[in-house]
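Think of it as A, B and C in the order they're written, each chain with its own count starting at 1.
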Amino acid sequence: MTADESSAEVEVPLTTKPLSSLDLLNAKLYTWSFWKPVMWAVISIVLSLIVSAVIMLLSGYDPLLAYRTLFYGMIIQPDYALYFATPLILTGLSVALAFKCGLFNIGAEGQVYMGSMAAAIVGYAVALPIVIHPLTCLAIGAIAGGLWGFVPGLLKAYRGAHEVVTTMMLSYTAILFTQWLATYPLREPGQVQLTPQLPAILPSAAIPNVVGNYLHWGIALAIVSVFVVAFILNRTVLGYEMRAVGFNRDAAEYAGIDPRRNMALALGLSGALAGLAGAGEILGNYGRFIDHWSPGIGFDGITVAVLGRNHPWGTLLAAIFFGALRSGGTFMNAVAHVPIEMVGVIQGLIVLFVAAPRVNDWLAKSGFGYAIWVKNEPKIAVPNLAALVFGVISSVLALGYCTMKGLGGMFIGLYFLVAIVGAVSFGMTLSKYRRAPFIHVVLCMLWLLTGAVDSLYLGGVSFRTAAVMSIAGFMIAVALFWVRSKMIKEGRCQP
Amino acid sequence: MAESSVSLDTTSRNAVELIGICKTFPGGVHANKNITLRIREGEVHGLLGENGAGKTTLMNILYGLLTKDAGRIIIKGEEVELQSPQDAIVRGVGMVHQHFKLIPPLTVAENVVLGLEPILVSTKMESHLGGWSVKSVGVLSQILPVDLSAAEKRIVAIAEENGMNIDPKSKVMDLSVGQQQRVEVIKTLYRAADILILDEPTSVLTPQEVDELFVTLSKFKEQGKTIVLITHKLREPMILCDRISVLRDGELVGTVNREDTSPEQLARMMVGRSVSFTVEKPPKEPGSKVLSVTDLVVYNAQGLVAVKGVSFDVHEGEILGIAGVEGNGQTELVEGIVGLRKPKNGQVLVNGKDLTGKSPRKVRNAGVSHIPEDRHKKGLVLPFTIQENLVLGRHADVPFATGPRRMLLNLQESRRVSKDLVQTYSIKVSDVSSSAQTLSGGNQQKVVVARELAAQPKLLIAAQPTRGLDVGATEFIHQVLVGMRNAGLGVLLVSAELDEIVNLSDRIAVMFGGKIVAIRKPSDTTVEELGLLMAGHEVAGGSDER
Amino acid sequence: MMQAIDPNLLLLGWLIRSTLEMSTPLVLAALGGMFSEKSGIVNIGLEGMMLMGAFTAAAVSWYTGNPWLGLLGGIASGGLLAVVHAVACVTFKGNQIVSGTGVILFASGFTTVMLKVVWNAQGASDPVTKIPDVYINPIKDVPILGTAFGQMSPIVYLMFVMVALSYYVLYRTPFGLRVRASGEDPSTLDTAGVNVDHVRFVAVVISGCLAGFGGSYLSISFLGFFGKLMTGGQGFIALAALIFGNWTPIGCLLAGVFFGFLNGFQNTIQILNVPELQLYLNFVKMLPYVLVVVALAGIRKSIPPKAVGTAYEKEAKA
């Protein structure tokens, strides 16, 4: 079906038959505003993989092998990936839901801990029949997490306390509080381990596995939660009001919506989802509360929500992606011996790129603008183009030397500096920043310096390259400044 | 090669030349369409136009705050490419913005020197070293101590020289509006500006303050400074200006000498036809009381009394207009009635029902609709779709909410109603599921009006309903308001546009200093009398129609 | 133990010393946060910048054997990470909190990977050369003072210098005036002919440098090695100190020292080894967090810079 057909289909039957949500979805799928963020998320992932590859190169790992094992690991164990994704879906939803109401729940981790602690207590201290027992535990866990989110919600609504700060502070409070509970009043009697922990939950409370050793039925709970959150946001009065408050608090208040009630509720619901994530992990995975059990699923929830654009379905996809990344990471660690924390680096970079979507616009615009410039005014643009290429080559070459074995730390530092200045020079020249030529000169001087240091201390490993680079660089610089002076004379550039 | 071709005779006479300036905003608004304007040295030049005609945009471009899409700027004979206000400031251009560019928690002196801070070392050293200046240390000067006491001395000197009185050590947030404006003027003088742009300088001032300002401005003129006065009022340029340029819809209509023109001609140029704003309005006998406000006292966001015991009634089938210079408590009065601000004292009755201090939802449910004065801030949730905006406020009521306890949204119903409203009010949209951001200002206001009237209210409160709208949309809104009155609604119209009030209202209440100083019938009063009342003058005689 | 000194006095001296030591990284990072937030950019990435500083300082000190070079490296790396934050939220007007989260995630992952690369270690690095402590011999045997100040890292003293310097920069220089203006009302600063983005960029980088400074102290002065995720939430406590200190240098110092005191108090309790007191240790640890929540809930009025958290768009139509 083509875009035209579908939009026609949307327009015509309006008056005759009511639109189904599927038609609306179909129409939405053909809009640019829908695809742009999706595309940008994908580009962010690619960009962060590239930067991570550079970091791996610098650390002496083989990025090609690493990525091969990573992607292989992501695909071969879907159950393992979903196992990692299960809590991430819930914490991601938690952050996304609060965000829809204009609130940043950065302390989902604390709500996770409160929820898991409550569920663990009910899990071992109360005897209930199977099915009912885990459900009770989950409900209590959700309530505990919900209350822990409701408090900052109330403070935000009625006292104006900024939720970014309060949720974060309460998150640490919760971790310390549950630690205390696990260390003193509720500690498993006769326990010998160093890490404080609670007694194991009763078998009746455990959530069984779906398949294999990892994936438990919590995944079903998580997916149902996605449906529920999407429904609440789009189909209920509550969701409508929350979104209205999130977009424009004043307008919502004017329209008779109580923003305070909605904000408190949103953070409460958000906390409940995080609490559910914690409870699910205890019942399905850990089997008891252990101090500091969470590998940061609350914090990762932010990543998931950010990549998923705070959209319930986007969150689901992002969580599965990050889950797969985790599972691939373990495989990569085992085969390519790249530390599992590399996944954290990738994750952090993705968030950074997603945080600034305009990098994408800028790249496209600058690149396009540059091409036009070169075409229209080759005399002026070509030296700049040379500087641009020079920046890239410098960066790549320097990074290459960084990874060479047997170089001193200071030398690596120097080359690292060259690489960074090269990248900066590239960026500035691309955006036609008026002081870009000066950065270019700095880059040339750095090459000169590395060459000198090399010949003095290292016996000229890279001396010839450095010499060639600095000579070429200075030639480009001369051309650059000649062009620049011409442009200043014409009044098109500021001195 | 593009040689700047400025003929010599124009350079000697023109302080500023703007040639072929074009500006389109990212939203697609053509704010300036090929405007060519020459401002002579030493003249007071009026820049007249309605709200949204592009005056401020043009001057912001001259001040370097906005970038132009096309055109040339020549300041004092030198063609310039303004990257930032700094480039304009060094060429002697200063601007006093309508919304003051002052930072309340900082002192007057700190506000004035911002961006041009005197360095203690340099002021001390310069006397010893002669030619040594701040420039020679470059960026380093940023972390050398500021010489605030020298700046304070200079500020006092500048103020005294121009007959102003200001304490440079006081914080801006403690100053009155008039004093703040003085700080703004001093800011430009501190930068040795000789081309002064003033954007709607009188809109927030009391009459005394306006007089003082005019005295100051005429002093500047004697000193040979060039002044550009942006305004949408006809009276001011006729008093002060040598020449007046009129903008309409982003285009320059023409430039005239004050001696050769009249307010009527200017008004014609401004609106594109002779001003006869009178809307067809059949006489109508007002019915029973819809709204009754007694002794209402409301505080503003800063905790000061903004409404000081206001009483009035609105009847069925009448428009009560509240006239007044902005900032005299009208905003707080409306917010106090509709429940956005809790009154400290007094009573609000709608159809005999006490709604004092009730929540906005309760007030809405009692049959009160409200067109807010700021549609972007209050009237619309811009990222929402048009459909979602059209049910805002009624979303929780049948038929838009269904299911148990009306918890679910009825999307089909709201879509159907939205389609109807879009048709009825001829709102230009591609689809009701596109976001409200994509609409033009006029269509956005239509969305607000459509929604508020669709609730079938008994009382309509319209605050500045035509602000920022073009003539066509304004006329549409006026017709709607009168139509509602004819249909028997009570309408409370708050507007800063006196013409609008006079033309639409059945009774006019004038607000000044948080009080209603008079209530008049349009037939019993004159624009002059209303103007005096708005300015806080006691008017002898005249009977109140309470 | 030396000769028989009254153990209570010894303890008091120890508490003072511990307080100062614990508060140094907090105050430094809080000052960093202050520069950023005063200019209008939220910096929740302080934690990440501290971690980065701690790692780089240890690594450079390990490679070169010179801890002062390590300190420089730590400061520079904090600043470099701040450049990333600044590019994301100042240049490209990204979401400041999201970007800050990214900074933390990146730094946590990166430093742990590098720990393995540089020292081939999982949890803690090899010992690195520490910045030598300053000894004040004349007071060595004075009961309280001797224990408190007899031997102290020079960075503790530098911390006080930084507070004074920050005060000077923020309230006495053109740059400080511009930073404050940019956090209150960037459009006014723009109208005054100052490039808002430049001011904010520099402020954020200074912020990262100070956070890196604080982190460096942890690794090359306080402990003498780099440990995995060794900042352990101190960046967030610094943020709390910043709020508690009402976004002023003196306030940061007082709040930082107070939170440092709570930490020092814990250490002292741990030394005492009284089980009854140990029981409530966690509640002492919670105090900074709870206090900030209480403070924000309105017990004390704290006024953040007005424009903090919002990107400044030049071309937006007024």
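Everything below uses one rule, namely that a residue touches a chain if its C-beta (ideal position, glycine included) is under 8 Å from a C-beta of that chain, and two chains touch if they have at least 3 such contacts.
As the structure is a prediction and not an experimental result, all values here were calculated from the model.
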**Q.** Each chain counted as touching chain A and chain B at once
**A.** C
Q. Whose Cα centre is nearest the centre of all Cα atoms in view?
A. A
Q) Which chain lies the greatest distance away from chain A when centres are computed from Cα atoms alone? A) B
**Q.** Length of the line joining the C-alpha centres of chain B and chain C, rounded to whole Å
**A.** 45
Q | chain A and chain C, separation of their C-alpha mean positions in angstrom | A | 25
Q: Note which residues of chain B are touching chain C in the complex, please.
A: 25-27, 29, 31, 56-57, 63-67, 84-89, 95, 97, 99, 101-106, 110, 113-117, 119, 141-146, 187
Q) Which residues of chain A touch chain B in the complex? A) 11, 14-15, 18-19, 21, 24, 27, 234-241, 243-244, 247-248, 250-258, 490-492, 494
Q) Which positions of chain B touch chain A when the two form their complex? A) 1-2, 4, 79, 81, 83, 338, 340, 359-365, 370, 372, 377-384, 388, 392-393, 395-396, 401, 406-409, 411-412, 415, 419, 431, 433
**Q.** For the chain C and chain A complex, residues of the former touching the latter
**A.** 42, 44, 59-60, 62-64, 73, 80, 84, 87-89, 91-95, 97-99, 101-110, 112-114, 116-117, 233, 236, 239-240, 243, 279, 282-283, 285-286, 288-290, 292-293, 296-298, 304
(Q) List the residues on chain A that touch chain C in their complex, please. (A) 55, 59-60, 104, 106, 152, 155, 159-162, 164-166, 168-170, 172-173, 176-177, 179-180, 183-184, 299, 302-303, 306, 338-339, 341-359, 362, 408-410, 413, 420
